[in-house]
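Both of the next two complexes hold chain A, though its partner changes from chain B to chain C.
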Partner chain A sequence: MVALQLGGAPAATLGEVKNRADLVIFWGSNPADSHPRHFTRYSGTAKGRFTRKGRKDRHIVVVDVRRTPSVKYADEFIQVDHGCDYEVLTAMRMIAGGKRPDRDEVGGVGVDTLANLVDRCKKARMGVLFFGQGITETRGKHQNSTAIYQFGKDMSRYSKFLTMPMRGHYNVVGSGNTMCWQTGYPFAVNFGRGYPQFNPGEFSVVDLLSRKEPDAALIVAAEPMDHLPYTAASHLEDIPTIVLDPRETLTTKIARVVIPVKHAGVSVEGSAYRMDHVPIRMQAPLKSPWPKDDAPLDAIIRKIKQIRIEQAGKTDGN
Partner chain B sequence: MVLTGILNTARTLKQGTTMHISKTSPEYLDAINYIGICAQDMARADISDGDRVAVVSASGEVTIRAKKMDVQEGAFFMPVSYLANRLVSAQTHGTGVPGFKTTMVEITKV
Partner chain C sequence: MATAAKADEQTAVFNNVVCPFCATLCDDLTVHVRGNQVVKVNGCNLSKGVFMNAHTEWATPRVDGKRVDYDDAVDEAARILARSVNPLIFGLAATDVEAQKKCIELADLIGANLDNASSV
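For the complex of A and B:
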């Protein structure tokens, strides 16, 4: 998200990828494990309008620090040294600009290999670079993503070229989108002063929990006790934590209050955003006795408003 | 001998499918309860596939199963989970993203 603000994002829908992309690069992303249907639906074997032969019409490259299960589906595997993605991407931008690094290898990758990849990107009918958490969580973090977006913009001078993050966790894109059009910011938003403030590192959840700042937590369909570093998440065990979730999780186990709610897209209809920011209408094939997940939130807001009105009345009376 | 290196945590397919059984199921525990080490590092530290190893970071310690994997020397792999997150540094350096792939760990055979 921060990289997107810094670098812009040459992107399209996954339908365009399916119909047109003849070069697909997965960088720091392992769709065979993390997005098992991506390959067959959009980026690998899927047959599209201008990719009628499916897999045979695409050249697939995996760039990663380890030989992931995705490598066996690729035509080419490029192994980067740990934490050297930024160096490699910078070298590729340099090569794309007509310069050559003054060494034979950058970040564990031969310069000739990088030059071949850049050449392939320039000649692609439509190239797409999907990047994952191997980019966003390694050394350099959002600066790596910025370098990818900038490389994508560089390549757009020569070919149609897209750079797209492999977002995960069901509707995480919906969360970012909604925050953006509600507040102008994608995450790490503080409403404490009555207006939205944005500052990753200060208002992001791991930092807040590490500093033990929150004195209460409301968690909606998230699993911090499994997904966040324990030194941060453990603070939730010490404060009143309320969880809205359709299932028992490690976080519901430590919560003071658990409110079971319907399962979005299973027992309640609505919309969820696909990783390419396309909202998908979800149906509700199963029934559930629990309320919709916004019902308890609405009830809490109504109660808070009522308490405030009562308090204001008492103050006026005095 | 103590192995020192970077811990790389990421998703695996088995973890993704077993978590929908239950986060407390034996299947989920089996899917997350290992650390991937390359053959060269295993030989250097006299660790065999399946041995129990203690993994220590500045944040915490876990004792889990060693698994031979095709990773780089000095780099180790664990599925994202509450076990790996006992080790992961919560320091985000102002980005909001903790050290899921940057935490240094030490591994010793138990």
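For the complex of A and C:
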């Protein structure tokens, strides 16, 4: 996300990918396990207007530090040494700019292999580089994504070339978009001064919890006890934590207060943003006895306002 | 035969259902529901996990591990957040846009830190 702010990126929908892409690269992403139908619906076997032969019309490359289950669906696998994505991307940018690194290998990959890949990217009718947590959550973090976006920009001089993160949770794109549209910033926002301030590293969840700063937490539709590093998440056990969730999770187990809610997309309709930022209206095939999460949130807001009025009354009385 | 026909009458079929699991957000699932339980769904293993298990392990309203009335849980949550000087609101990635807006309104009201999984 920070990388996106630094570099910007050309965008297209997954429909465009399906209809046009003849070069697809998955970098640090294992869609066979994490996004199983991405490949059949959009990026691999899908047949589109200019990709009538589906899989045959696409060259697919997997770049990763290990041989993931996605490799068997690809035409080419490039294995990068652990933590060396940034070096490899930088070498690719260098090659794209007409210079050759002064060695045979960068980050465990032969320079000739990289030169071939760069050549393919330049010649593609439409190339797409999907990148995953292997890029964003390893050494270099947002600098890796920045290098990806910059490589994408370089390639846009030669071909139609896109870079797109393989987002995990179904509406994580929506959470960024909604926060942007409401506060001006996509994440790591603090309202302590009465207006939104943005500072990743200071107001981001792992940093806040690791420094044990919050004195109370409200968790809405997330599983920090499962997904965050334990050194950070364990602080939630020491403070009053409130959880809104349709189901029991590791986080509801440690929570002071549990408020059950309907499950968006399962027991209540709602809107979510696909990874390419296309908003989609979700249906609700099941029924749940609990309210939708806006209702308890609204009730909490009203109650807090009431508590404040009561407190103000008491202070006046004194 | 009769039983099968009856079972079919009781099965509601939902078409073009959206899968709320990964950000591919497939919008082509067919979900068969009987007695408020999903009995059949196409898609991938992950979507099957979401829908087939949707009726299990529902959360219950609780305070300090004890079952309470819904409104009491909400009141306790409000008291905690009203008292807090540096609250954190985290999550938002697995719910809809409408709920996300409410989280932001609440964060603004109580001067909270607000973050989603993008930062992780």
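The rule is short, and it goes like this: the second predicted complex is superposed on the first by the 309 of 318 C-alpha atoms of A that agree within 3 Å, B and C clash if a C-alpha of one lies under 4 Å from a C-alpha of the other, contacts with A are read in each partner's own complex, and residues count from 1 in each chain.
One rule holds in what follows: contacts are C-beta pairs under 8 Å (C-beta built on N, C-alpha and C of every residue); 3 or more make two chains touch, one makes a residue touch a chain.
Predicted model only: the values in this text are computed from it and were never measured.
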Is A:D293 contacted by the first partner chain B, the second partner chain C, both or neither? second
Could you look at A:D154 and tell me whether it touches chain B, chain C, both or neither (first, second, both, neither)? neither
By residue count, which of the two partners contacts chain A more extensively, chain B or chain C? C
Mind working out whether A:R256 is in touch with chain B, chain C, both or neither, as first, second, both or neither? second
Once the shared chain is lined up, is A:G134 touching chain B (first), chain C (second), both, or neither of them? first
Looking at the overlay, does A:P36 come into contact with chain B only (first), chain C only (second), both, or neither? both
Quick check on the superposed pair: does A:T231 touch chain B, chain C, both, or neither? Answer first, second, both or neither. first
Applying the touch criterion given at the start, work out whether A:T178 contacts chain B, chain C, both or neither, answering first, second, both or neither. second
Where does A:V266 make contact in the superposed view: on chain B (first), on chain C (second), on both, or on neither? second
First (chain B), second (chain C), both or neither touched by A:P240: second
On chain A, what residues does chain B touch that chain C touches as well? 34, 36, 137, 168, 187-188, 200, 204-206, 209, 227-228, 248-249
Under the touch definition given earlier, write down the residues of chain B that touch chain A in their complex. 6, 8, 10-13, 16, 22-24, 59-60, 69-72, 74-75, 77, 80-82, 85-86, 88-102
Chain A residues touching chain C - in the complex, by the definition given at the top: 1, 14, 34-38, 41-42, 137, 166-179, 182-183, 186-194, 196, 200, 203-206, 208-209, 213-222, 224, 227-228, 240, 242-249, 252, 255-260, 263-268, 270-275, 279-283, 285-288, 290, 292-294, 296-301, 303-305, 307-308
Which chain A residues qualify as touching chain B in the complex? 2, 30, 32-34, 36, 65-67, 69, 79, 81-83, 133-134, 136-139, 141-142, 168, 187-188, 200-201, 204-207, 209-210, 223, 225-233, 248-250
Show which residues of chain C lie in contact with chain A when the two form their complex. 12, 14, 16-28, 31, 33, 36-38, 43-46, 50-51, 54-64, 70-71, 73-120
